[in-house]
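Below: one structure in structure tokens.
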Amino acid sequence: MIKFGIIGANGYGGGELLRLLSQHPQVELGMIASRSQEGKRLEEVFPTFWGHPWGKVTFVDSEDPSCTAGCDLVFMAVPHGVSAKLGPALLAQGARLIDLGADFRFKDPKVYSEWYKVEHQAPELLAEAVYGLPELFRDELPGARVVGNPGCYPTATLLGLAPLVKAGLIDPDRIIIDAKSGFSGSGRTAKPELVCGETADNMRAYGVATHRHTPEIEAVVARLASRPVTVSFTPHVVPMPRGILSTLHLTLRQPATTADLIDVFNAAYMKEPFVCVLPEPYLPETKGVLGSNRCQIGVRADRRTGQAIVVSVIDNLVKGMAGQAIQNMNLMFGLEETTGLLHPGMWP
Amino acid sequence: MIKFGIIGANGYGGGELLRLLSQHPQVELGMIASRSQEGKRLEEVFPTFWGHPWGKVTFVDSEDPSCTAGCDLVFMAVPHGVSAKLGPALLAQGARLIDLGADFRFKDPKVYSEWYKVEHQAPELLAEAVYGLPELFRDELPGARVVGNPGCYPTATLLGLAPLVKAGLIDPDRIIIDAKSGFSGSGRTAKPELVCGETADNMRAYGVATHRHTPEIEAVVARLASRPVTVSFTPHVVPMPRGILSTLHLTLRQPATTADLIDVFNAAYMKEPFVCVLPEPYLPETKGVLGSNRCQIGVRADRRTGQAIVVSVIDNLVKGMAGQAIQNMNLMFGLEETTGLLHPGMWP
Amino acid sequence: MIKFGIIGANGYGGGELLRLLSQHPQVELGMIASRSQEGKRLEEVFPTFWGHPWGKVTFVDSEDPSCTAGCDLVFMAVPHGVSAKLGPALLAQGARLIDLGADFRFKDPKVYSEWYKVEHQAPELLAEAVYGLPELFRDELPGARVVGNPGCYPTATLLGLAPLVKAGLIDPDRIIIDAKSGFSGSGRTAKPELVCGETADNMRAYGVATHRHTPEIEAVVARLASRPVTVSFTPHVVPMPRGILSTLHLTLRQPATTADLIDVFNAAYMKEPFVCVLPEPYLPETKGVLGSNRCQIGVRADRRTGQAIVVSVIDNLVKGMAGQAIQNMNLMFGLEETTGLLHPGMWP
Amino acid sequence: MIKFGIIGANGYGGGELLRLLSQHPQVELGMIASRSQEGKRLEEVFPTFWGHPWGKVTFVDSEDPSCTAGCDLVFMAVPHGVSAKLGPALLAQGARLIDLGADFRFKDPKVYSEWYKVEHQAPELLAEAVYGLPELFRDELPGARVVGNPGCYPTATLLGLAPLVKAGLIDPDRIIIDAKSGFSGSGRTAKPELVCGETADNMRAYGVATHRHTPEIEAVVARLASRPVTVSFTPHVVPMPRGILSTLHLTLRQPATTADLIDVFNAAYMKEPFVCVLPEPYLPETKGVLGSNRCQIGVRADRRTGQAIVVSVIDNLVKGMAGQAIQNMNLMFGLEETTGLLHPGMWP
């Protein structure tokens, strides 16, 4: 049994970890921490836990360094900067670390500090930290002590890009990513723009040309393409609780048909338990992965424009966050990768 | 031209007043005030005003007593207590006052202080203040200086109750009101329970046996029934931006058919411009009044139980708030009652 | 392993059975049948099954009597009338039967024919058929061959009524039920009133004084009260995919406090795995049971009116349909009652 | 007074025309026609008209050629092909014609027949037909007999493209359009994919590389650029009733700043009553134009990629359909262009 703790367990990422881990046969709840909810019971913070055995577990103070004592693994669901600060002490305690934030996603601390506007507090850990996208970097996960769990947008986007980039089929200098997310990606904190009357029936672009997931996507594409890459990334928020749909507008280097492209994706993902490529005439919908750890991908070649359009969908809180973190945990600890994660999504 | 001001113009009630008044041919914008948005332009606070002539109007400080100078009419869209405090000075300036809050809804200051937990600051105004539900108290409105604009739930509920109470057809001691509101009724302030992820796809009861609209309904029913009345009122919040549906569970004093009851409602409302009784087999839907100042009512007699079930729908921000305030303004100032308010709702 | 089949597996009830059964460790998919979807793969009808092992299973023709051959258990997710017609042959094949529709919910075929406007086709099975609400009739389920799975509204309502009726605390002649359901309860068939533009941001009452779940509730309350009972039941549809909130307006026979009533509920449900009574000041929300088999209940006494107000929430497709059917299956076949059903809901 | 008729008045476009025209001071309702709703009253088809003077107007049979007799103007809200078939007879009756469908949007009947898969039935009218996007082709509208009202996506998209194309600032061979629409754009007909349970909380791309609005956009851009143009257009449906947000991914021909681009847009639209360019740091939201005839535009230059990202929002049923049709009507008949259309949107 893996004894786990969660720091920042009061947000949507933390709640989703608890929902999924409560169904995982090889874990044991060590502690849940939150500064703002200290002393409250889980059921008071997540009403889904009324009547559940974990509902009476009480949040401890995340500022107390001893809170993680005895944990084999700590999930960090905290703002950037916190994981880097707490990480070294956690490792010294013998715990491993999966950071749901950005602190361990970059190999180069300069990229981090440029986009996140803070110095990295534990640059010495970046060499060993693994970027936890198992479909691309599975081999690095067994035994890893520190995993940077990918961002939600990068997860959907990179799974849609990787096969075509690796195969050299698209021009890496003309990658245009138009991504749409449900509002849970904006978090649970009370901010004026998140009030229900403001978000209902409303859609907007945000972070245009400045979103912090841009360098994360670029870093991975650069690894795959073996050269520096700049991408155009434009996120939008859409009035639904969950789901990301990332539409990739790509320029084919040479003519290809939709069938050709589907073949490339199928070859890349045929053995993947959580990635599914839809055959013609189907295209993925976000609801198709609601609550599940799956990624569904559709692709079309447009002979008129020479473009390939890829549509990749995930649940931003599962494959885009908590589910992927558990997938990483399974690999880190030598468990079957799919443990606790095979359930289908919910319809409707 | 009526020169109007709005104190608290930054919330949903204030915004709806501005939306509707911008189409009213006999008003002129005097000022909009808000403590939190002082100095901002209207278009920055309500994006619907980008490109509109009023969009460049700037919020003034609502704490500045001179802000209302020159206004013929001031709409108060502020928490309870504020209108009573500011009211006397406003009247002394020569302005009239429509309070969208609770300060001028009760004749008896004790009822107010019992439910609102504060002493009334201007009890001397309560005698002249008119409860602004024109369908019931139209005669009191012309020339009125102070109007207490009814609550959203009381508006929908009282329009559904009045004809049956007046006709003596129901037992006034067994009035059960089960009301449902869209979330704009909860306001625009950033509170944890209003974050979109918390409200989306979610429904709950609240204020059970304690909601402050209870005594407001009771006071009016008591006037209509000429005796004290206690009602059971249970509100719910429903995941949609606007709309109230109030379901009234009433005990018939003697057998009646649905057709009988519809006749009673038609007789009561046949000349009303904003109340419509639906014939069988139709029942009202909240979307049928989306954005309009109308109230739609359906009624059924249940011969098995001897109950009458009335369904009354309004847009909580229009007939339940800003539209009704303008209807009151029209009557106070001797304009045609329907001026600026006859547009149908929006579908879908 | 229980080999199961589903007739009518293409609707929301069928899909939810498949979602939940795919996580159940002691079942095996025998067949899925649908007249309209015959020949299609499950993944084409429920996109949540793309990439899932069951996704390639093909719908067979539900009209073919041999389709259920070899099944230990058949779930009937079909319009009323069909289960009664097919039931005897199924039992003769050695299969057991859980009907998600109304055919086996009534002991008295006259009540059925009065409300459903058809003669019952298998009245000889009604004596042995069990009304599958385990919290009330658990003892009848082990070994049962035919189970009438309760309606969604009756499930939420009866769990909220039973403790108070049994304890004799409320007047059974004055039970008023005001229930609200998400739109999945209206099914998946393309009808004009279910088009998204018509339902979005919209709420309405329907079936006022005529809804078919009324006699189902009455029959059970009558058993609990040992006397005939007539209830007033008013359902509404609310713009959210899932969830029922049933508000019960009850007349207390003698004064009681909220604490008294909570004690009664706690005593009734303390050992129930799927029913949770919320302590003050909490009230249940539908999102608290989203996707889970739980029922959450809150209650308040109103000393002003002498009413008890009970709020009971379920996911209409889980505890109100597919989850409860699996709970019944577990009991019928001697499995642990909670098998495959203990997951918490999803938030947000 | 302009006496108008609407053929196909039962859909969302027809209903929106009636909502807006009911507020227009210079029109008179001539007739509303619908094959499927013949004989029904308007209030039965659009519940927003209960209690409204037009509510009792009855739908006539749209197949009856005499139904349009006496109309000065007929709005066609019908599937493509119908307007071309009926158009010549309408003109012969002396009526003018605004087609909300595609029949009069193309100068070249071959483009029409290639994308719509039918021969054009009135190619002789294409020369005189005006593409009714007033911001680009205002001069052609006064006196026009036949107007092809633009598609919803082309309206949002072309208003976002035109200033940059005209100024020669972007490469017309690399125009990538990623558009998102609320579901009212899919119409009111009961189809399986439009059932509320299927669309709620769901987002998908559709018509990838094949959507019929593609050639419409291309034809206009080609006129503006004075050369043939091929664009990549990818539409998506988003779970909200109304609103289109079109994100344009454009390649700048030479370096430019956001301020430069905003200047170009401001110069193009400064006198336009319905188009507003948002200053930094604001970006448009679909809710900002809910129910209004406005288009709001934001633009950003990305110095890293050399891209310009334009965001253009409209209400698909107003500026994208019925509102624009009325704007065209005003111009055709010599009225003030903004008559009946100046109201701001609704928030929330």
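Some points to look at:
In this document, chain identifiers A, B, C and D correspond to the written order of the chains, with residue numbering beginning at 1 in each.
One rule holds for everything that comes next: a contact is a pair of C-beta atoms (placed from the backbone, for glycine too) under 8 Å apart; a residue touches a chain by one contact, two chains touch by 3 or more.
Not measured: the values here are computed from a predicted model.
Counting C-beta pairs in contact, the pair that comes out ahead of the other among A-D and A-B is A-D. Set against the Cα centre of subunit A, the chain with the most distant centre is B. For the pair subunit A and subunit D, the distance between mean C-alpha positions equals 38 Å.
Per-chain Cα centroids separate subunit B from subunit D by 36 Å.
For this pair, subunit A with subunit B, the centres built from the Cα atoms lie 45 Å apart.
Looking at subunit B, residues 12, 184, 197-198, 200-201, 239-242, 284-285, 287, 290, 348 sit in touch with two or more other chains. Residues 12, 15, 18-19, 22-23, 44, 46-52, 54, 184, 200-201, 241-242, 273-276, 278, 282, 284-285, 287-292, 294, 296, 342-348 of subunit D are the ones that touch subunit B when the two sit in their complex. Partner subunit B is touched in their complex by these residues of subunit A: 12, 183-184, 186-192, 194-201, 239-241. Within the complex formed with subunit B, the residues of subunit C that make contact are 176, 178, 180, 182, 197-198, 200-206, 208-209, 230-232, 234, 236, 238-243, 245, 247, 249, 283-287, 290, 298, 300-302, 304-305, 307, 309, 311, 348.
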